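Take a look at the structures below.
First chain A sits with chain B, and in the next complex the same chain sits with chain C.
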Partner chain A sequence: MTNSTRTSLLATVAVLAALAGQSALADTSGKRIALSNNYAGNSWRQAMLRSWEKVTGAAVADGTVAAADAFTTAENQVTEQAAQIQNLILQGYDAIVLNAASPEGLNGAVKEACDAGVTVVSFDGIVTEPCAWRIAVDFKQMGKDEVLYLAERLDGGNLLEIRGLAGVFVDDAISAGIHEGVAETGKFEIAGSVHGNWAQDVSQKAVAGILPSLPDIVGVVTQGGDGYGTAQAFAASGREMPIIVMGNRHDELTWWKEQKDANGYETMSVSIAPGVSTLAFWVAQQILDGADVPKDLTVPFLRIDQDTLDESLANTEPGGVANVEYSLEDAQEVIKAAGM
Partner chain B sequence: MSALLSPRLLRSLLPPLSLAALLIAIFWLQPRTMSYFGLNLLLNLAVPIALATIAQMFILCVNELDLSLGGFVSLVACVTATWVHDTPLLGFAALVGLIAVYAALGALIHLRNLPSIVVTLGMSFVWLGLAVLVLPTPGGKAPEYIRSLMTLKPFFVPMPIIASVLIAGLVHLFLMRSALGTVLRGAGGNAKSLERAGWSILRIKMTMFALAGFFGVLSGMALVGLTTSADANIALRYTLLSIAGVILGGGEFVGGRVSPIGAVIGAVTLALAGSFLSFLRLNPDWQIGAQGAILIIVLALRVLISRTEAKA
Partner chain C sequence: MSALAKFGKQPWLWAWVGAIAVWAATAAYTGGTGSGQVMSAALTFGAFFVIVALGQMFVITLGPGNVDLSVPACMTLAGTVAMKSMDGSGAMLPLGLLLALAIGLSVGAINYSLIRLLRIPPIIATLSSSFIYQSAAIWWNRGLRVKPPTELAEFTTAKIAGIPVIALCVVVLAAIGHVVLTRTLYGRGVIAIGQNPRAAHLAGVKVERIRAATYMLSATLAGLCGYLLAGFSGGAALNMGEEYLLSSIAVVVIGGTSVAGGYANVPGLWGAALFLFLLVTMLNTMGAGAGVRLVLTGLIIIGVIVAASGGKRTT
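Right, the complex of A and B next:
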């Protein structure tokens, strides 16, 4: 073998290796990812679906994946979503990104998907089946953060707790965090709690109903989607406006801004960005790409404070919820953070 | 030729024909389903629905209606995933107790002459409340033997098909072919004459409600076997699915006119209708409407056949 052929051979090998290195990024171009979603009936879920469409639409257009279709069940029922997952397996998707109706009830269907070689990434409404990936929100911490914020602002007093839908684990988790925060700070007492079902109209009615029976309220801890209705109920009752923790909804932020401009009202707002669906999409893409991804990942909260209010409100669509969409790099960072 | 295709025959052929049409459409849309694995996935969630439909059929057979079945199946699922798994003796005692409550409901409805819709609607909240008490947050674990029974992979024929045929066949033999079954059905057809002939309508109603409770229990257990754990809201859809399944399978709301084989076929058809619509990539907002449309089409066909029957 002459020297020159050896050099050219080495060069070819180098070029091939370089090509292989590049194609690792495009390995998923033939893969199909489906979103299985259990509910689309509120502004958060609508924004979640829009974010999915926007980000995955671009990913499909530039050939990162072959398809990324969203499926929502008509009724928010476990049995229906289990059937939907089984249908998605039959349709031959390579990965299913899942916002589950129940953390346990879908385990049978998720196991079938894993056994059929389908990657399952659950987010927001996560599943406990060990073969699936979980992008969990620390809802408990979120509830606790609300109380910690109030503890910074106030010396103590009575709180009103607005809860979500009874029997849904998110409601239990946030509420547990709130109660833990109250016990830890030792300043507050929860004078009453009502179920606002994460909807402004329901919250307004529920709060208006309980207000006459309550002592002075200094703060309201909420779960999101219920702050504006609560504020309306307080305004109608003629009571002094307590600090109502908001949940990043457009109507809540608008009301906060109005109050801030009128009388310097101060509060904070925290929730999960609906764009977390896009984080789950990129995580699924990374898993299909062969990346080593830990099974449990955590989503960062999206918190809005007095100084970031104007900017956040300007970026939020009317009727929507403050949002960020995640990129491939964000997903890789979240994966790296969990791996450490 | 006209004798061959009498309205009566057409009527009984309608449920299997609608099922076949749906199956062919699904096979055409998604050829992957035409395999052992595909049929298993497509049909396994139809098994608990078929059992719930049989339960509803027993109630409809005596001219009553059960609006609490979904809540009841949810409660059974919760009990199965907790008590039956942890303390089998207590668990099974509770399930037998639930069946006894169902029989007592039948007695209450008959003795007090109450409308069953009101009683069972009230009971649906009781069942749901109990389910939340038994299992406040989703969880629990399916007993291993139920799980392995529901995920059994027999040779050649997928488990859901064997189960459906078994359920339909056994209930058919009991209700349509045995002497006792004929008497039980008679209570829905002509209770007065049955009573004059010396049969106790009270006992018949209690038996039918107990049978409904028994199949409700089987449905809940089968469901947990598939999902591996329970949720207090897991089967709320079963109330309407089961009623629609019986009617789709050729049953009537009055007159003791029911068919076990038809009911199972109706339940499977309803379960498949959901998959069909999802394979069509229909917007979910339209899916409930489309499911309703499938029901209306089949029922309209039946009315058409009944009219020709009346003319003949």
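Right, the complex of A and C next:
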């Protein structure tokens, strides 16, 4: 092969490759997307940021978008995040993917972004400003699903409810779903309720305190991040282990697996995958690409059952949360589902 | 003054009265079922409070403006680094403990340098440095929960005749703290500085040396608490210390130590730690909603502090 034919062959391949890349995603290759994140101090948020890095890094490398930078505020403060959003507008980002410190507090800054022609996609911690897109979680359904699962497994009895952080809407929503489920199935009674703040040690402490005063507990409904602490408190009390619904954390899944191997313990686990940040990224990319995207989208749950436990645990990194990273196709599916 | 009247004036008395009253109320509500287990749980969790509160007490006693806000971050950093270094191996147990204590010691040294060399007020210095410690913890293991060695988990959850071993150890630790506070040159120095730093200096107290030691003591105890708590709750987590910021201060104040400094006592720490745990347990048991619970917690704490500060203070 001569030098010139080799060059022309290579050139053809390069042009073909560029064409293939362009045909789907040409419109956003010059666009820059920023992630504005309000908090990074727990394992869920850490996994969220890592997923973002992984998926957007690949998207930048193959030229889908020009940049996808992540910014996290230090203090989880509305004012700080508002200032951050203003900076991102000035830096000329085309879209801001937002996990907000407050549903209303950032509306002013979000409006400024929209007025400056910046696309704002909020997820997890969503904002109410109408010009922004919202990828929300149906937390109420999540709480209800837990009770429906217990209703399948049990004939009835007393439940213990572990709640999250008092005053946060997520806590109210999950709890409302749980109570609705209890009312609908009509065979359970919530014998006790404690606030575990989504932290294993806080839950352990709260459960250890209330447990001695409770009747027999057949099931524990949780909000995630509290199942392992609850199990520890039950183990220490010497009571029979109830069905504790887990929240996809690595420590919870590990404990479940140990119990499953030791005595066939059965439960289920449900939460939101931290990779939802990547779903928001693709939604932002689709909007920039000119796709018609409804303003309100819903995040799918990530549910783990007895038969998917081993696989999910193997794919969850130690200390992290069971995760899936979303692809462009997943985002298009979610958009299509919301449009119907 | 009769012995009984003198006893009634002890500043730590009210925390204990509160703890016992709340425990009795819980027992009455449940008809006595499980009140022994409730007390056992209170002793376990109270022990963790007492460890950090002991250090915080010495710091607060140094006088107005002295407080260590880096307690949660220090606990988290010490807990995560120790758990990761031991990686579940029992043979590494002493090394992990040494690491946790060394981290605490360094954290205290850094805090004090900020306060002394850069002349930053302690509240700002310890708060801002805690961001660095927390970030270091995040950087070190990215939120991984590494399981503690079985031996450590067993030690922190062990019981002798229903009494948690860790509570017994912390009672001994508190007793040592009491002796240090009331019987040593260092302890008297801390109290003297809290009452009047200038007078203490003129009386020959090495003011800055004692302040340095106090901040290092506080952070070292926080490191120890992080180590034990990580062992107890099945691994270190990034948010494991969160609760201990306000609690460590609340336990000190409810226990009858003066917020203005200069007066401190150790028995009150245990009373206050039990009181705080039992109070939340009582309200949980009675099924109070989160709002009611927080309001009542606030009101009852104010009540105990007012009652405790009614009498004349003695150290």
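Note that the second predicted complex is superposed on the first by the 316 of 340 C-alpha atoms of A that agree within 3 Å, B and C clash if a C-alpha of one lies under 4 Å from a C-alpha of the other, contacts with A are read in each partner's own complex, and residues count from 1 in each chain.
We take it that a residue touches a chain if its C-beta (ideal position, glycine included) is under 8 Å from a C-beta of that chain, and two chains touch if they have at least 3 such contacts.
Keep in mind the model is a prediction, meaning the values are calculated, not measured.
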item: Contacts of A:E112 with chain B and chain C, given as first, second, both or neither; value: first
item: Contacts of A:N87 with chain B and chain C, given as first, second, both or neither; value: first
item: Contacts of A:A74 with chain B and chain C, given as first, second, both or neither; value: both
item: Which of chain B and chain C A:Q332 touches, first, second, both or neither; value: neither
item: Touched partner set for A:H250, first chain B, second chain C, both or neither; value: second
item: Touching partner for A:G167 - first (chain B), second (chain C), both, neither; value: both
item: Chain B versus chain C as contact partner of A:P103, first or second or both or neither; value: first
item: Which of chain B and chain C A:Q46 touches, first, second, both or neither; value: second
item: Touching both chain C and chain B, counted on chain A across the two superposed complexes; value: 40, 74, 167
item: Contact set on chain C toward chain A in their complex; value: 26, 29-30, 33-38, 41-42, 44-45, 131, 134, 138, 141-146, 157, 229, 232-235, 237-240, 242-243, 277-278, 280-281, 284-285, 287, 290-291, 294
item: Interface residues, chain A side, partner chain C - complex; value: 40-43, 46-47, 50, 74, 163, 166-167, 192-195, 197, 199-202, 204-206, 208-213, 228-229, 232, 236-237, 249-251, 317-320
item: Touching residues (chain side chain B, partner chain A) in the complex; value: 30, 32-33, 37-38, 41-42, 44-45, 48, 132, 136-140, 223, 226-238, 271, 274-275, 278-279, 281, 284-285, 287-288, 291
item: Residue ranges of chain A touching chain B (in the complex, touch as defined); value: 40, 69, 71-75, 77-80, 82-84, 86-87, 89-92, 102-109, 111-112, 116, 129, 167, 169, 172
